[in-house]
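Per-chain residue numbering starts at 1, and chain names A, B, C and D are given in the order in which the chains are listed.
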């Protein structure tokens, strides 16, 4: 039984609290928030749980094994490093930190202390992305050509992070999960349409050595909500529409084939292969529950989470690079990785 | 009555031939193609029309007032300059020419000789884009924030032009029609996934001085066909789905409003305005017919077409700049225009 | 402040309990259920609320003003008549009772004792149906021609009611709300595909003296979920798709017009009028809350609810008649109403 | 080589003329129409084809092997019986005749004279319905439970046939093709909303001895076009959406299973089986061409067409019975078949 303390009971925290309170191998021990009114809500709903406005109490509490942090990103580093230094395992909301420098320090601290550090990139634990992963990683898919994502809707405008950090971060973590290969360069363009606010719309392109290309179109300023990913391989193509109620994932037996007929040197020899489409049944367990059980497993077995600190760091590096490119009007940023 | 000769009876030419044969104020006089087998088809369907494998015959024929050119782009310049020098009005398939240098020469030749030069950017003459133009140019739309287009499907791979020239050219001409303002810079990324073929997938971003941003996602390698444009303004937002059978254009009374409440300095004060949606009835006349009648009007009244040589030149400049940026992995190209 | 006791904490009861606990002018006083395990859930979540396995306690409690009943339909009559005789106002889950005879007794008891009797036809209180009502009742709609509803999905198979009582009852109550006119006859066909179970699929047609016709296609055995209503009038037509996330209601300026040109006696003179489509913004308040406040209003002001006992009785009469017709393989049942 | 004469060059005739002129083993010999203006169109497009306003000429012409009839239904019987008596094979537009009495005479005449009589129920020859047939007739489908069709749109109002004859006839012929079993009873309701016009909206239910039930919802008065069929079996379910551009047919591995657990006598024991969905690639050849080649095959090999006279007769019987039931406000008509 793993005892867990949660810091932050704002937008995302209530989901973590509910999730940990329902996990069979976890016990929700304490919740901390700066706002006493929020803590009253916790006390009403979970009478047995300790509440406090002082997160330090959680670090000092020897009964607590792990700390889940769901506070604004500007406080992530300070809280997480303190938790690790107090010997706690850490669950950290996304994005992991404001800077890759901070993220790297957390990774090193966790490794040094042999603590589990998981970054809460929840999407990776959905039935949809796990199914996409199965297919993309199988030989059936052929060579990967592109990943093309659209995440647009009206609002929620955020004050402290731009739309890349808010929405494209999902694609960065999904790509990190799906592909062995990591991007070597990134280029981004974007705009903020209201003075004094972060960028609300961005287009990000990632380049890979293999020729694979990835693109994310993210916006807080679209009249309709879209959550769509297209993935193209030489043998199969996939669509993922997260707003479809039942058939979110569709796999197309479609592709292009070229013939090199020397007599036809002046013509492009292209053949289209159009076959069946198949929508697999998806595992329906809530992603947060899958992720919670995975966290407990990692703690109990000294294992490394799928969305571990190093993958969280790569996401932060991409957010930094893409934001930098965007502010330089699309200047391509080459990624040099020391890990 | 305007007598018209058509050069090229391949993929697009038959549409022009049919269209001119049905226009009340035009007479289809002659058709030229290098392939006699294609000309036999013309003779069978239009027994009264002269056919020839030699386009020069059309230039020399004093009864012919105008020449429509629907040949591969590599031949556009040579044929169009000859037609203009022979004193003919010219209808030129898109893209206008292979290079902006050639396009500029055609514009100057046409202006010097006072001939009508229309570039066949057919989309601009659809009921959909004309309705979008009405709204975008009205004060109801507010300030324009973005234009976001997706044109993807499987194939048709082309040998002599890349996907920017094939598909994004539609967006370049639509933007040229919709906006007074012209882009000041362009950045593009793309890929060709098959050796020896042009780029089959590209992402193009256009920057405007006003802060407006435009983006086109074009691909010949997607499992599903998508033809969608989102346009965001400060007062209204528009979606245009060309594959919708009936309600292609939807206008949303949606937007964002900010309040500057000094007591709330730590919070983003954003309000969402969500109102009605409205799908206007669209004019159903075939775009090619509208464009054909516009061409006749311009010839009869010495007027300048909507998709005239200068707008066609701007489209070619954007294709050149975007292709150049794409080959430089997204390097931003600043556009300097002499017109 | 109206004190409310809820009987039944199974499938629907938890929604009522939550709703009444959040209504400003109501106080959730007590909850009764035969299963002590269910009552423990209530006690954990609402510590201040009294719980009991004996519903009689609620009837006898002089502090309780109103009783909400969310038990299986076979117990509705007995519980509701006891509540009314104890002087309580009554909120009754749909369908009101098993038979119209029982429903008529409840109506009379409530009227005699001047108690409010509301039948929980929740759909009538949604923003969607209230907007449809506005339009249908306005002169803009013209003469009403038809109402055509599809409610199909996979499951939930029920043991004690057939699919007419479960799903078509929604259409019966919506029609009762939308139209002044009531149906004069009903014909139904249906099937049960599994021995010993109620009918799982039915087609019901209702006839009106004006020529208006209504139809409901209901099924527990469809591979996809559909919730769609088409309503046709001589001036406007409406579609209502409850699964659309944003534009549930669309109003079409479409219709048919006939001309009586005597010279054209051999031809049908029909003109189609195709105009704009319009999707109005819908009121987003949860239907159950709107209905809850309406119930309190009716109690405080001695008013008659929209979904009152008499309309609930008409719904039960239609369920009876349609079921009877279905078992007679579509024999048309003429409705004689004494109210 | 089969020589074919076509009678009727109105709405459907031009499709037949084009189709027969392109079939390798057929020769379009003559076209007849009462309107000389229509015949001029034929002569312009097909200079080698004989044209006449007198259909008798076609019957008398010994070079003509087969007659295709695409005239108003009121003339079908007279023309078809004359063609058969002249020893011609006959292709007859749907519905076959105005009455089942006439249809039966044609069937007998064709059988007596050993001529091929095909009724042009084109839908049966589409790639979609052929694929549905493959699945429905395979053991994978399990027991058939229902067939549920929606065919609604705005217009085209017809003068001489009602909406059952126009639209539901498609479902009657599709069902006749898909199922060995034939319906034993039919019930219909419908309405004509404009004086002096045929019924423009109808709901038809067909009953089968096995418990299978079929329903068609047809209308000329709907704001949106819908062409959807759901088919439910005990092992698989199918959706067919004819307006989908690519995946028209979807096969769901979904169903219901019951357990007979005696300890659970008070509960319905239902289990849902939800598996993959699969959209097979469809054969793309135009249905009319498939049907044309099938007609030639039958003539050359003395074979019986899929949509032969007897199946056409069953469709006419259903139109008669459904129309009769509709005019009797849904009275169920039992079908007695002598064939």
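Observations
One rule holds in what follows: contacts are C-beta pairs under 8 Å (C-beta built on N, C-alpha and C of every residue); 3 or more make two chains touch, one makes a residue touch a chain.
Because the structure is a prediction, the values reported are computed rather than measured.
For chain A, the chain with the farthest CA centroid is D.
A rotation of 180 degrees, rounded to the nearest 5, superposes the Cα atoms of chain B on chain C.
With centres defined as mean CA coordinates, chain C is found 53 Å away from chain B. Separating the CA-averaged centres of chain A and chain B is a span of 39 Å.
The distance from the centre of chain A to the centre of chain C, each centre being the mean of the chain's C-alpha atoms, comes to 43 Å. Of all residues in chain C, those that touch two or more other chains are 224, 246, 274. The touch graph of the protein chains shown is complete.
Those residues of chain D that touch chain A in the shared complex are 246-247, 253, 274-281.
Interface residues of chain A facing chain B in the complex, by the touch rule stated above, are 145-146, 148, 150, 152, 154-159, 185, 187, 189-191, 193-194, 197, 201, 203, 205, 207, 211, 213, 215, 217, 219, 221-224, 230, 232, 234, 237-239, 250, 252, 254, 256, 258, 266-268, 270, 272, 274, 329-332.
Against chain C, the residues of chain A that register as touching in their complex are 45, 47, 224-225, 243, 245-246.
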